[in-house]
Each structure stands twice: as structure tokens, then as C-alpha cells.
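Chain lettering (A, B, C and D) follows the sequence in which the chains are written, and residue indices restart at 1 in each chain.
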Amino acid sequence: MARIGIYGATGYTGFELIKLLVRRPEIEIAFATARSAVGKRLSDIFPTLIDLPLVGVEQADLHNVDLIFTCLPHNTPDLIPLVQAAMDAGVKVIDFSDTFRLEDLDTYARWRTKDHPAPELQSVAVYGLPELHRERIRKAHLVANTGCYPLTAILPLRPLAQAGLLTDSPVIVDSKSGVSGAGRSLSLKTHFGEAHETFSAYTIGRTHRHLPEMEQETGLHIIFSPHLLPVYRGILSTIYVNTKPAVSEDDVRGAYAVYANEPFVTLLPQGRLPELRHVVGSMNIAIGVHRVEEGHYILVACVDNLIKGASGQAVQSMNLMLGMEETAGLR
Amino acid sequence: MARIGIYGATGYTGFELIKLLVRRPEIEIAFATARSAVGKRLSDIFPTLIDLPLVGVEQADLHNVDLIFTCLPHNTPDLIPLVQAAMDAGVKVIDFSDTFRLEDLDTYARWRTKDHPAPELQSVAVYGLPELHRERIRKAHLVANTGCYPLTAILPLRPLAQAGLLTDSPVIVDSKSGVSGAGRSLSLKTHFGEAHETFSAYTIGRTHRHLPEMEQETGLHIIFSPHLLPVYRGILSTIYVNTKPAVSEDDVRGAYAVYANEPFVTLLPQGRLPELRHVVGSMNIAIGVHRVEEGHYILVACVDNLIKGASGQAVQSMNLMLGMEETAGLR
Amino acid sequence: MARIGIYGATGYTGFELIKLLVRRPEIEIAFATARSAVGKRLSDIFPTLIDLPLVGVEQADLHNVDLIFTCLPHNTPDLIPLVQAAMDAGVKVIDFSDTFRLEDLDTYARWRTKDHPAPELQSVAVYGLPELHRERIRKAHLVANTGCYPLTAILPLRPLAQAGLLTDSPVIVDSKSGVSGAGRSLSLKTHFGEAHETFSAYTIGRTHRHLPEMEQETGLHIIFSPHLLPVYRGILSTIYVNTKPAVSEDDVRGAYAVYANEPFVTLLPQGRLPELRHVVGSMNIAIGVHRVEEGHYILVACVDNLIKGASGQAVQSMNLMLGMEETAGLR
Amino acid sequence: MARIGIYGATGYTGFELIKLLVRRPEIEIAFATARSAVGKRLSDIFPTLIDLPLVGVEQADLHNVDLIFTCLPHNTPDLIPLVQAAMDAGVKVIDFSDTFRLEDLDTYARWRTKDHPAPELQSVAVYGLPELHRERIRKAHLVANTGCYPLTAILPLRPLAQAGLLTDSPVIVDSKSGVSGAGRSLSLKTHFGEAHETFSAYTIGRTHRHLPEMEQETGLHIIFSPHLLPVYRGILSTIYVNTKPAVSEDDVRGAYAVYANEPFVTLLPQGRLPELRHVVGSMNIAIGVHRVEEGHYILVACVDNLIKGASGQAVQSMNLMLGMEETAGLR
């Protein structure tokens, strides 16, 4: 039996996390906080079989809690104190923000244009991608859950980079994400009339704050163009890579053998490309590989941004951190 | 040449109004106000061929202006002073809010649970439905533009009520509206993640604030259930009426002869029902009539809520008020 | 361990059924047929973790099979022989078509304008709505899975009808369904360009083929207007009833006590109405009750048409027929 | 007064064409053909103010007709005879298919894997892109209307290629199109349940049949990835180019001066990117330019695929061919 606390239960990732946890008898949700809904119950917001009281941060009792998830909006001022308090109390932490994802403090400072707010916490944080850092996650006390966009670039690119198949020219990652990636906070960009039945690019090139994660985990130089899709869930990334001379399609496909035993990574057979509907609602990341011509390949990767791209990924890390079956509750 | 002022140019109805006006060489837009965008240009918000400077309310110069449109959110505090100032300056007014739509001050007070803020303005206001009040609109100085939901109930029901074909039992108006009807102001209800790929009923029965308009213009007792459709534009209302004994389908269809010369009302032939896509982008209201069985009929009516349901309707009234061709700029 | 056969595995209900069954270790899928995809595997059509070979009807081996699901399009000519062969072989059958739903052969003949094709099968068929016919389903050899629209009318209306609270005037059921209800067969009506970003009513009044089911199970006279929503899943029905004099809101809400122990029926508290997103992806039917005024109530009911409205409902019946826990695999 | 004939009036491009033509008093539609709807009227299919009788191809009378539009599905067998007959009768032709777009017969044979069906017609055909071939279109008797995808690559890329700013490395065109681009013919790919709330890539790399048009008109080597967006209208292309050393952002932006007087091409100011909703419903192509880093630029281009990408483009060519104002009926 594990006791879990959730900070930020009424955002999209918090709610998805609860849906994944309530079906597991071995998990008890010790508390769920929601700043704007203190005193209400989850059923007041979403009237289903899932129900929980919602409390304020100050009412969250860490006593006897094994692990907390912090699913708070970027730049929540009390994030660092919350994480520090949990760590001090011996409670493990999985944080959904991008605060603890960059190992190099200089990279952090350059991209965020400010110093890291908690270097000592950063020094013990592990990047929460089990396919790459499984053993470190098992032992971690603080895991930085991956960004949803980065996941769709890192998992397809890392094996090719590791195998030394790519040239030095920039890799192009053209990503398209459903609107839930922008969260439940109100903004004109995510207002129905502005996001529906349209399509747009934003923070393209080398301006998106999650680009450095991609580069950290792949060692590649990346040009990244996110786009906003008029769907609720899912990310599809179309990735353009240049391979070194004499690299064959077998070399490229062969590099993905590293994922042969991964429960949630599916390499599609030659000639097939993944679509959002193949993965939405599941933990799968599906990857298709297309040879364009000598030296040029296209990779297409799809995930459900709220599951493998966020809350499911966090549960996978939690399972590792608490010594449970890695895939428990995720099939 | 007519000079026009627009208050609230960056909401959905204001923007639609501008699109309808800029194509007309005989119309000059004297000013366009936008509280949140003073000092910008319309092209900063929507980069197209349409462009205008955006000013604050206090910079709006009524001198030499013939008519103003007030496209402001409900309960804008300065609406009454704006309307009063224009009337005092001899400028005609078409107001998009529901402030001036109810002729009876007691009905207003009962439904709004407060007294009417400007009874003397109300006494000269005309309900802006040209099909019913064409001659009064021609002479009006203050027109209350109709609500979009009410339009879809009033135009199908009025001829049957006027012809005395209906019993006393309540009429049921089951309406489904695109999200643009809720405007451009942010709200959780119109956040993409809450309004997309779902469907819901709200303020059903006898609780929606635009129900009394429907009853005023039809003389009927109405049960009204609005629903939020996951589309941007359009309203479809399915209306259930009970007819008196011996009323035939010919009687029902015949009642619509009053619209024979109406440019924007289309009665579909027997066996056809209108769909949203038939009217979206146009000024048409399309009406289908289905006989269920003796005494029971269903009416289905569709409009584009932003055009015939709002800005196009307002332009139709403007054309009448300024002595222009009624259909100018609306085909 | 139960062995199951599926006819029509690549339609939307067949595929949903497979998703519900594959997660259950105690269920073995003996065969899955797909006319248009014989010789392929399910992963050729939908590349996920779920995989099965697809065979032709003639390759389906009933030997040692406990139960079959027939998820075939309406009017499939070989449905009756398939069902008969299974029954003869002692295999239980759950049929998704509307062939066996009407107990009265005259009603069938009048609505289908032809005689019932298999009266002797009809005589042993049970209408597959566990909330109403649980004990009969347990013993049934042939279950007629309910229609998705009828479900949303029968479950809210039956308790009020049984309690004698309603007058004789027609009940109005205004229903809105996602496009998946029309199946995977190609048609102009379900072509993206004709069904997307629009909304329409069809076969309204007393013309839809699933109306007689509603009347059979409720004993009421119903006017039924289905509409096509531009979403994939879900049905919301807005139902207008007239109550007898002196019937109170407590009487109406109290009638739903019959569902107190039902695992999949949720009556919302006063003031709350269900939305599609509350039920999509789940087995729940959520019902909201709104008192309009003396004698007039509105019921709003929502289901996922592919789960509680089709494949989940069938699994619930299967669980009963095979002596399993009724809710197994459906939470 | 010009008399016009339309072959294929009930497809999406045919219908859009009719909407553009009926509002022009100087245009008379002499006939409209529709194979599947002979004997019906356009209002039987779409009940609006627009109405026309629909005839079979054999009833189309070319007498006194000035110009025909052939809006027929790819590979319609009678396209060549229809075009030939019109040319023989002295009637000008604008063809919507991709039959006459490739000037080089060898390129045609290689991409279509068959010889050109009418080389003599090809030899007089002009590629229908007014921004590039205005004077040739004026004098043309046969115009090959551009593909919708190619338009979004050619117009942004041509000025940079012409100015010699680009290196030899492949240009990447990552395009996303609404479903209407696939036409009104039924297919599983465009079935609502398969195209809605999802997103997919298809015929990526160097396999799409409209890639050679792009290369013909730009002289560049292109990698092209089309994707299917779950919207009805609009194409957004994200284009990745490599510039030669010492090419500055001013050089890049300056190259677009060639479009300074183009009525339908809008270059957005620095820092702005176009979105689908900016152009849907209009003739505009909007182009945004983003400098990534030395040597790397991203171009983003948007059009309405049915207007500037198809029927509006054809009307622009028609205006030129018939000596009318080029922008008539297109603002």
C-alpha cells in the first residue's frame, strides 16, 4: 500500500493522474489540493464515480505519505518550498514543471534568463524518462517529469544519435500538439473561438522553453517548431534528420533495437506511419521511419500528451520509485 | 455616404460587423473602440486586408457620425451614458446588448431582478427584427438588436401564433448554439478543453435571460433549453408545437406566406430540414416544417448566430434607418 | 475461462468490444471475423498492442466457444443463419442489430414494413438492458443488445412511467449523437466534409426505427428527434415530460431510487446537468432532472454510445450470461 | 457579359466556384454538370439562394460559351475529350486536375508512371499561378489550375530561389491541410470517424504527386510532408530553408518585394506568423518569415485551399483570360 499526495488536482494533468491512480487498490490518495476549489469535492467539478475532497496546500499533511506529485502551473511561487518540505520529510517527489529538467545550471540560466531557484535540489533531480534513466529513477528522491513535446523528439532521436548515424546539420522537429498541452488556465490562445477550426505555429525555431531538454537528452542541435492542433489530446512530431554517408535504412531501423523490451515504445513496420488516434488514451509512443532518399530520413512519433506525455509517464516513474511493477495501472 | 462608429470592435460581433461594413464604399468607419487594445490597430489583432486604428471610448468623436453600433459585453457600466450621449448628439444607435429589448418595464424588472436603468430610452427603443417591425425600425433612433437564440424561435413561431393555430400548452424550444455566441471574453465554459468534443445543456427550462424576448414577440408560453455545440458558428433550434384540432399541414405551411417577400427567410420544401452548414456564412434563416401526427408539429430553424443572429441583422436595421437598400452588403 | 467469438470485428462497436475484452485474462477471443479484411491482422488496421488475426465468417469455428457477439451492419443477409447456427451449437449470442429487440411481431412488421425473419428466435430473445431485465438476461441464450438512442430515453423515463407520474401527452425526446453511432460504413452523411462543423436533425418525429424500442420498454407515447453532433462519441438526450397534478419534485427524484444499487447509473444532484465529457470513455449513464414549473420537467441523460450504448452494455450482459461479476472489466 | 460552363458542380471546388460566380452580374452560368445528380437542381443538394439545374456531360452545350471550368476528380476518363472538344470549339478551359501542370513530358511520365495522355494539349497549357505567369495566362486557351499544396510552397519559395539566396540542400515543406482538400468522394480516410479528432502524415518525403509542380516552379529540390488536419478548410505549410553565407534577414525579407503589388499576397511583419483563421474564407495567402539562426530560416504560409488554393485561383485566371479586372469578385 502506498500513500500519495497530489498538488494541483484540478488541472488537466492532475485530473488525468487521479484517473490513473483511483483504479489501483494498492494506492491511497492521501490528499489532493486545488487552489481555486478548496472545500469542494472533485465530483463538484466533474460528477463521476471518482470523488475526493479538495484541500488547500496548507492542509496537505505529509505525514505517512510516500510520494507526492506536484502538478502546478509553471512559475507557481510556492513550488520550491513545497518540494523542499517534502524532501525534508523524506517524501519522494515527482514534479511536472520544467524547473528541474536541465542538469546544467548555465543552460538553465541562459534559457530562463535567471538563475536556478534551487541548485541543491537540481543536483539530486533525475530526468524522468524511464526508457533512458530507469535505474536512476528507481533510486531517485526527486524526479523531473519530462515535457510532452521533448518526449516525442528524444525517444525517436536518441537511438540514432547514440549510434552515431547523424550528421552535424540541425535536426528539424516539426511538432503538432492538441490544446490540452496548454493546460486549464484561461488564455485567449486557448479560448474556443481562437483555437477551434484553425491551426497555427508558435515559438518556432529556437525559442521554445522545452528545446534545451531535447538537446540535453539527445546531444543534437535542434530546430523546433511547435504548432497548435484543434484537438484536445495528442502530439505528433515529424522529424527530419540527415544521416552520414553509407548509413542504410537497416542501420536506422536497427538502432531502435534498444527499445525491443520497452513496454510502451512501438516501432511501426516499414511503410506504416502512426496517427494520433492510434495512441490517444494509451501509454504508447508509436514511431514510424521513412527513408526519403540517400542521407535523408523522416521520423514520425505520436503520443497522448496527457498520458505518456505527462501523467502516465509520472506513474511509470512512481512505480519504479516505489518498487512496484513498472507497468502497473498503465496497460 | 454614411459615417459609422463602432464601440467594441474586437469582440466577435464587432469584428463580424467590420467585415460586413468595410466592403461597402458608401460606408465610412469613423471610429472603432476597443478597451483592451487602445493604440493598436485591428491588423495587430487580425492581420488581414481589413485595418483600422483602435481608440478608447473617450477618443470616439461623435461629430458628423450618423449611426453608432454598441457591441459591448452585457453589463458594461458605461453603456447607458454612451447611448444617451449619442442620442443627445442626434446620432442613431443600434445596441447589441439585451438592455433595450423588453418593452414592458415590469417584465424587465422581474427577469433581471432590478429596475430598468433607463426607462426613457426604453420608451423609444424598437426591437430590431425587420421581418416584424420594418417600418418602426426605419424611423427609429434607438434599435435593440435581437438576441441570436430568440431570432430562431420568433421567426418560426410568430406566423403560427398570429394565425391562431396553436393550443395553449407550452411550446418547447430546444436550441443548440455554436460557442461564438458566448463571446470573446474568457471563461472556463468557453475554454477549448471544456467546450471541445463535448455537448451540454445549460440554463434550461425557464431560466435563460433571453426567454422573455421570445415570449414578447410571439405571445406564447415557452420552455427553452439552450445547449452548447462544439462548433464556432450557428444555431439550430428544434421547436415542438401543439396545433389546435382540425389544423392541417397546409394551414401550418400556409402561415409562412407572410415571409414570401422576405429576402433572408427560406421555408424549405416538405421533407427537407435545414442544417447549420446551409446557413453559416450567410444572412439566411432556413426553416423546415415536419408534421409528426395530428396536433403535433416540429419546426427546425437555422441561422448563423454572428450574421443574421447579430451583426448582419444590425446592418439590415442600419440600412433601413439610413434609408439605404435593405439588403445592401448582405447577399 | 470463457471463449468468445466476434463477428464484425473492424466496425466501431466490434473494435470497442475487443478493447474491452483483451484486458481480461479470463476471456479468450476464439475468433474475430471481418468481411473486408480476411487474412489481415487487426494490427494492420490499427497498429497497437491489441492484435488478432481476422478471418472470414466461414472460418469461424464455434467449437468450444461459449458466446458470440454479432456486430454486423443492419440488414446483413447472413445474420439469421449465423445466429441460428450458434444457437443450434449451444453457443450463446449477443446481437448488436435491431433484429431481435421488438417482442411484438406486429410492431416489428409495422415499423419494418416486413415480417420478422425469425419469429422463433425472437420468442426466446431478451432485451439486453440489465437495469430492467437482469434476471432474464442471466438465463438468456439470445440477447438483443439495446440501441444507443433508446438507452438514453428508457433509463430516465421508465422509473417515472412505472411510478405513474406522467400524463398521457407525448413525451419529447430530443437526442444528439456523435457520428460514431452511424458506424464505419461509408456514406455522404458521415463524410468528414458533410458532418464536420455542422449540426442537423434527421428522421424526426415518429420515423426513426429505434423509436418502438423506447415505447416497448417505457409504455409511453414518444416523439423522438435525433440529431447528428460533430463529435465522435456520446449521446445527450433532452427529454420533456408532463407530470400529473400534485406530482412534486421529490416524487420525480424519488422515482429514481430504483437505481440506487445500479453500478452504472448516476443521478446528478439538484442543479447539476450531465455533459458528454462526463461520460465519454466510461460505462456511466448520467441523468439530470430539472423542474421547469408545475407539471413540466426536463430530464437530461448522457452516455458513451459505444460503451454503455453498445459494446460495454453487451459485455455487461455477457458477464451476466456467463455467471461472471456483472461489472467485471467495465470500471 | 461572359457565359461560363462548369463540369463537376457538386464537388467541393465546383460548389465553391459557383458561390464565387453567382454574385457577379456580368457572369452567366450556361450549364453545370454533375454525374451523380443529373436532373436535380443544386438546391436539392444544398438548399440556399443559389440554384441551378444540374445536367449530364452530354447535355452541356458549348455554343456561345466563353470558358469552361473542369472540376472533375483525378483520372476522370472523359477529361481529355471534354477539354479537346472545348478547345476545338474555341472555348477557353481552366482545368482543376493535375493533368496539365507539368511542362516536361518526361517528368510527367516519371511521376505518373505513364505517358502524358495529350501532349499537344500540354504544349499549349499554362500553369495557372497569376503571380508568376500573369501575362501568359491572359493569352492562354488552356490553364492548369495550381494544386493547393504547391501554391503554399511556390509562392514563399520562388522569390528566395530567384534571388539566389538558398543553398543546394533540400528544402523541407511540412504541410498541414484541411480535409476538404481530399474532395467529396467517399473514402475511409475522409470518413468522419477516421479523420476527426486525429492527425496524420501521409505520402511523405518524395512520394506525393504534387511535389514535381513545386520543383518545376521553384527550381528547388524539395522534401514534402503533407498531413491531414481535422478541419474543413485551409492549408498551413511550415518551410525550412538554408541560406547561403552572408545572407541577412533583410535580404530574405527584401526578396518578397516582388509581391509588393500583388493583391492577394500578404507578407506579415517581423514577429508575426499567419494562422489558418486569418485566411479561411478569403483569397489571401499570408506569409510569415522567421530567422532561426545564421543560415536557417522558417517560412510559414497559409491559404484557404478551396479559394486561393483552388476555385478563387481559377476565377483570378478566368478574369485575366476574359479581359476582366483581375480581382473582380474576389475581395
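Methods note: a contact is a pair of C-beta atoms (placed from the backbone, for glycine too) under 8 Å apart; a residue touches a chain by one contact, two chains touch by 3 or more.
All values reported here derive from a predicted model rather than from experimental measurement.
Here B-D and B-C are compared, and the pair linked by more C-beta contacts is B-C. Put simply, the chain farthest from chain B by mean CA position is A. Per-chain Cα centroids separate chain C from chain D by 45 Å.
A separation of 40 Å divides the Cα centre of chain B from that of chain C.
Computed from the mean C-alpha positions, the centre of chain B lies at a distance of 37 Å from the centre of chain D. Residue positions of chain D with contacts to 2 or more other chains are 197, 230-232, 274.
Residues 169-170, 172, 174, 176, 194, 197-202, 204-206, 223, 225, 227, 229-232, 234, 236, 238, 240, 273-277, 280, 290-293, 296, 298, 300 of chain D touch chain A in their complex. Residues of chain C that touch chain A in their complex: 23, 46-49, 197, 266, 268-269, 272, 274, 278-279, 281-282, 284, 286, 331. Listed in rising order, the residues of chain D touching chain C in the complex are 12, 179-180, 184, 186-188, 190-193, 195-197, 230-232.
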